[in-house]
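Across the two complexes that follow, chain A remains constant while its partner is chain B and subsequently chain C.
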Partner chain A sequence: MSQLTEEQTAPPKRVHRQRSATQWAVAWRRFKRNKSGVAGLAIVIAFVVFAIFGPLFAPYPPRSTESLLQGQAGQPPSWKHPFGTEINGIDVFSDSIWGARNDLWIGVAATAIATLIGLAVGALAGYSRGVIGGILLGIIQFFFVIPTLLLILLFSRVFQVLVYQGFGVNLIVLILGLFGWPGISFVIRGEIFRVRELEFIQAEKALGAGNLRILFRHIVPNVLTPVIVLASLLVAGNILTEVVLFFLGFGPANVATWGELIEEGVQYVSVYPWVALFPGLLVVTLVLGFNLLGDGLADALNPRLRE
Partner chain B sequence: MEDLLKVEDLRTYFFTEAGVVKAVDGISLDVRKGESHGLVGESGSGKSVTALSVMRIVPKPGKIVGGKISFDGTDLLTLKEDDMRRVRGSKIAMVFQDPISSLDPLYTVGKQLIEAIRANNETVSKEQARDMAISLLSNVEISEPERRFNQYPHELSGGMKQRIAIARALARTPTLLFADEPTTNLDVTIQAQVLNLMKDLKKNFNMTLVLITHDMGIIAEMTSRVTVVYAGQVSESAETHTLFYHPTHPYTEALLKAVPRLDKRKQLQSVGGNIPNLIDPPTGCRFHPRCPYAIQICKEKVPDYEEVETDHFVACHRWKELSLVGVQ
Partner chain C sequence: MGSLINYIIRRVLFMIPVFIGVTLFTFLIGNAAGNPINLIRLAFKGTLPQNVYLQLVAYYHIGENPLIRYLYYLWDLIHFDLGLSITSQRPVASEIGPWVWTTLYLQLSALALALLIGIPIAIYSARHQHSKSDTTITGIAIFGYSTPTFWLGIIFIYIFSFYLRVLPSSGAVSAITPWWGNWTLDRIAHLILPMTVLTYVQLATIIRLLRGNLLEVLKQDYILAAMASGLKERAVIYGHALRNAITPIITIIGLSLGASLAGAPGLETAFSWPGLGYEFTQAALALDIPTVLGITVIISVMVLVANLATDLVYGFLDPRVRVS
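For the complex of A and B:
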């Protein structure tokens, strides 16, 4: 009855089938209105482009001391060396470009590893109760409380032999990835506790869905939004950790990263201040970009603000 | 008529840190093929847990600790979990209370219906399932089913969501449908529509319905037999008509008095007191602290579940002496 009257009174609708706005489309619409979030996204995209295509235009190969032989070591910024050169004649501009590639790779790849581990461990810890859940929680807490930075430093020393087999950057990726997941696990576990109690999970069970299907098709997708936000912030965190690692002298010396340049630059900061300045600015800008992006995503994906 | 579902002395306890909550503590129930059976009681009396127990999806830390559930000749409690999963959705289905959270917000209506149709049953092709889903949507009287098919739950009204939840429960034409307070969270006008829809669907799909509610009005409107539960136990069970006109349990009488009536403008009487703590329930008859007719024996001895007449059972020490007032 009610539908009939509704249809009779409503003006005839256009026939073309409109696709409904998915939650992602709704979130994107809201994200676009957030200026700082968009600025963060723009910064990140700019750096990604810079990292992908920059090396095509880099005047020197990474870690190249060519300029030393030409007597160009420790030069201030000039047209030939826009960011100057450091004491061994390495062109700071070139290495900053190579560094962008390495740093982004470190940030993103380590985050991907950490997120996958965090998601798997957090999901299982949240979904299984009893002994298994308890054990997993214990593991998460253990990795959460151990001083990760010290372990990272230790591991990068222990496995330094790999560095000379061309494994430098990926060693850092692995170490950061393998130690970076507990924060994500904690959040996932908590979110799963929340989602697991929602009625549609019970409804899925009542329809005969199995545990794995419920976990991976209904629970995990519903906890992904905080993961996206956390992952974006974790990229920034990983880049900073990379810088700290190199700054403390624990990074492989044959790899071009911003951290390596900053470390070298700081040693001679009173003589060649530009060596640390430019990569430092790049780090700050990119980390800021990822943080703004993360905050923007957090606002856009927050279900409580949903229209 | 033969019994489709027979629950005997079901006990489902929740093992919480505060103690063992005896949410269902000896509930017996028989639901006959084709009937509409009402399960009525206050919040926390164990109605929903009974339904969840039958489907064996009691959330932890809850556990079925005793009793027997036989459905269409099968003992559900001894079935392997894998076999039980095949019963869910195909033989026994359930509609939940809160339409807002009973649909997954991330998938379109169509996807969720197709998933329900094809659950444990991949012989149906996606194309067939799509057609079935569209016809399910028209079955639950959703206008423009083709358009709704592609919409997300957040784009639908509460009443429409509940229709979709019903459609999803009917996806594999179950023989038994539990409806757990299906209209409690809906506007009154929508409530009537949804209840009428359920009545029609029950007939068209040839289903047996167990309607869980605390609303005696809905019981009168929808059911042919009723089981009244109180604090995890059955207090009275009868044909709806008998229960309303000749209640024999003081709790039933109290529930009936609490129904608002337009024709008699009297002060509405609530059932005094609260539902007891199920960790440490009252001794004897569990209703005695709230019962106006309670005497010494009610505190000491658990009443037997006695036959008043054919199809009418009551658990009360004093049912013979009391003359209780039903609907006049």
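For the complex of A and C:
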């Protein structure tokens, strides 16, 4: 209550700041009304909590074949092994928990790298006219032409054979990050093209605003919304790529990920179907969460749909 | 008409630097270890036969400087000479042909089916926005692009091949006895499961995009004007709204066609479907560099051509594109 009166009596300067805050408040209000978007957010938050604290309660260390020694390999789901065990005695439930941590890390960290590169390249391509802009656009479009997924597989394989095997999941983070940025930079470039021709930017220029002020005050907020949406969808895409990469046998050895579990499960799917089933369901749920979140954000942040 | 020809020439000219970029890129990967032979040797762990080694030295012009080697590579490429596969000892170029065909008929049949089913469903969904069926449709669609294709394939294999035993689990054709007593039916039997999975995934993308586009188009003033002028809703949707909503979809299909040429390596591997994706995976695991590079280059060139075709269709459909 006291806060309210404080705001009411605040000098006009604060009103200005408050207005810029309500843009996000409006978006949040719109987002909250979107049930599927909220469900996506809830799934993502649940998995983040699960990935951070889950391993504290994981029954076994990652990749532990302890159950093999107890004669518990290839067991169907039970109270002791909720998701069953695979042929080497790895507890699928326990490794799924470790996998949640690794998969989320791969998805988010690779997206962070891709977003940073995408922002830098996209901004540069959007701002520079002439030769540099043309070359950057060429590079972006080049990435749309090459079969990215196949090259990701090849890079992972060649790097592990040729350079170093010990990077673990971070190798995958790096490769996915280095291949993931073109889509983002393409959109950013387009947005900057669009925004910089708008009248209020011209007005700012006429008022004598510097390039940096225009960049951070006007261009960045405008570009931020598609970036947030794209990043959320990219996390989903990165997790799917991770799963395929491990399934095809291109992942680093001895890492607990959902893709690795599915790979092991597929080899014996006719005998131990649960090994591929449960991690797969986790993948679908988490990816669904990020996709729903991304779609929800897209709706909430889209000014064209705003009433 | 002049603007259209101009547009075509510009698009074709744009392909040249991209083609050089793609070939340079694959060339660099092949030479990541100095030259392709070093990489191939790693796969053989020092047991590369002497005669094969000498052949490779001659083929890759080892000893020349890298620029000359790249030009030789381009020269061979233009003559459709992609070298010998290390694992099969056969020319890569003659091996790739059947793989391209196997991938294409899986991908294209799925795409055609997805378009056939997807467009009416998307229209229905957009016309009945927020209805129960719309929610169900978008729900099913979002599951489609959240599911790893190959994993869905595995589930299907488990249900239909291992449990019900009604459909084959792997390959594009039987080895000895055909399914359903006939070789044509045998191919169809092998196609059903992977095609169904792929159709579902592509259906999801088409519904999602087309529905979104239609919703935006249907809010436009010219739709209101068309409705107000007394046209039937069906005529407005098919005659005005769909045409505007579907052009962006064509771009997406063109782009995804490129991605789908790479095959879904996961899906193809799950079904042991002998297409480009599956064979690339096998070659990359075996470090069969000539095959790997051959597939990459062929796919890239096909994507370039597909993109060009998409651009042309797009320019034909949407006059605004030609001018800008």
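Odds and ends about this structure:
Just so we're on the same page, the second predicted complex is superposed on the first by the 275 of 307 C-alpha atoms of A that agree within 3 Å, B and C clash if a C-alpha of one lies under 4 Å from a C-alpha of the other, contacts with A are read in each partner's own complex, and residues count from 1 in each chain.
Quick note on the criterion: a contact is a pair of C-beta atoms (placed from the backbone, for glycine too) under 8 Å apart; a residue touches a chain by one contact, two chains touch by 3 or more.
In this text, all values refer to a predicted model and were calculated from it rather than measured experimentally.
Contacts of A:Val243 after superposition: chain C is touched, whereas chain B is not reached.
Ranking chain B and chain C by residues of chain A touched puts C first.
Residues 52, 55, 57, 59-61, 85-90, 93-94, 96-98, 101-106, 108, 115-116, 119-120, 141-143, 146-147, 150-152, 154-155, 165, 168-169, 171, 193 of chain B are the ones that touch chain A when the two sit in their complex.
Partner chain B is touched in their complex by these residues of chain A: 2-3, 6-7, 17, 19-23, 129-130, 197-200, 202-210, 218, 221-222, 306.
For chain C in complex with chain A, the touching residues are 17-18, 21-22, 25, 29, 32-33, 39, 42, 142-143, 145-148, 150-151, 154-155, 157-158, 162, 216, 255, 258-259, 261-262, 265-266, 269-270, 277, 280-281, 284-285, 287, 292, 295-296, 299-300, 303-304, 307. The touching residues of chain A, counted against chain C in their complex, run 36, 138-139, 141-142, 144-151, 153-155, 157-158, 161-162, 236, 240, 243-244, 247-250, 262, 266, 269-270, 273, 276-277, 280, 283-284, 287-288, 291-292, 295, 304.
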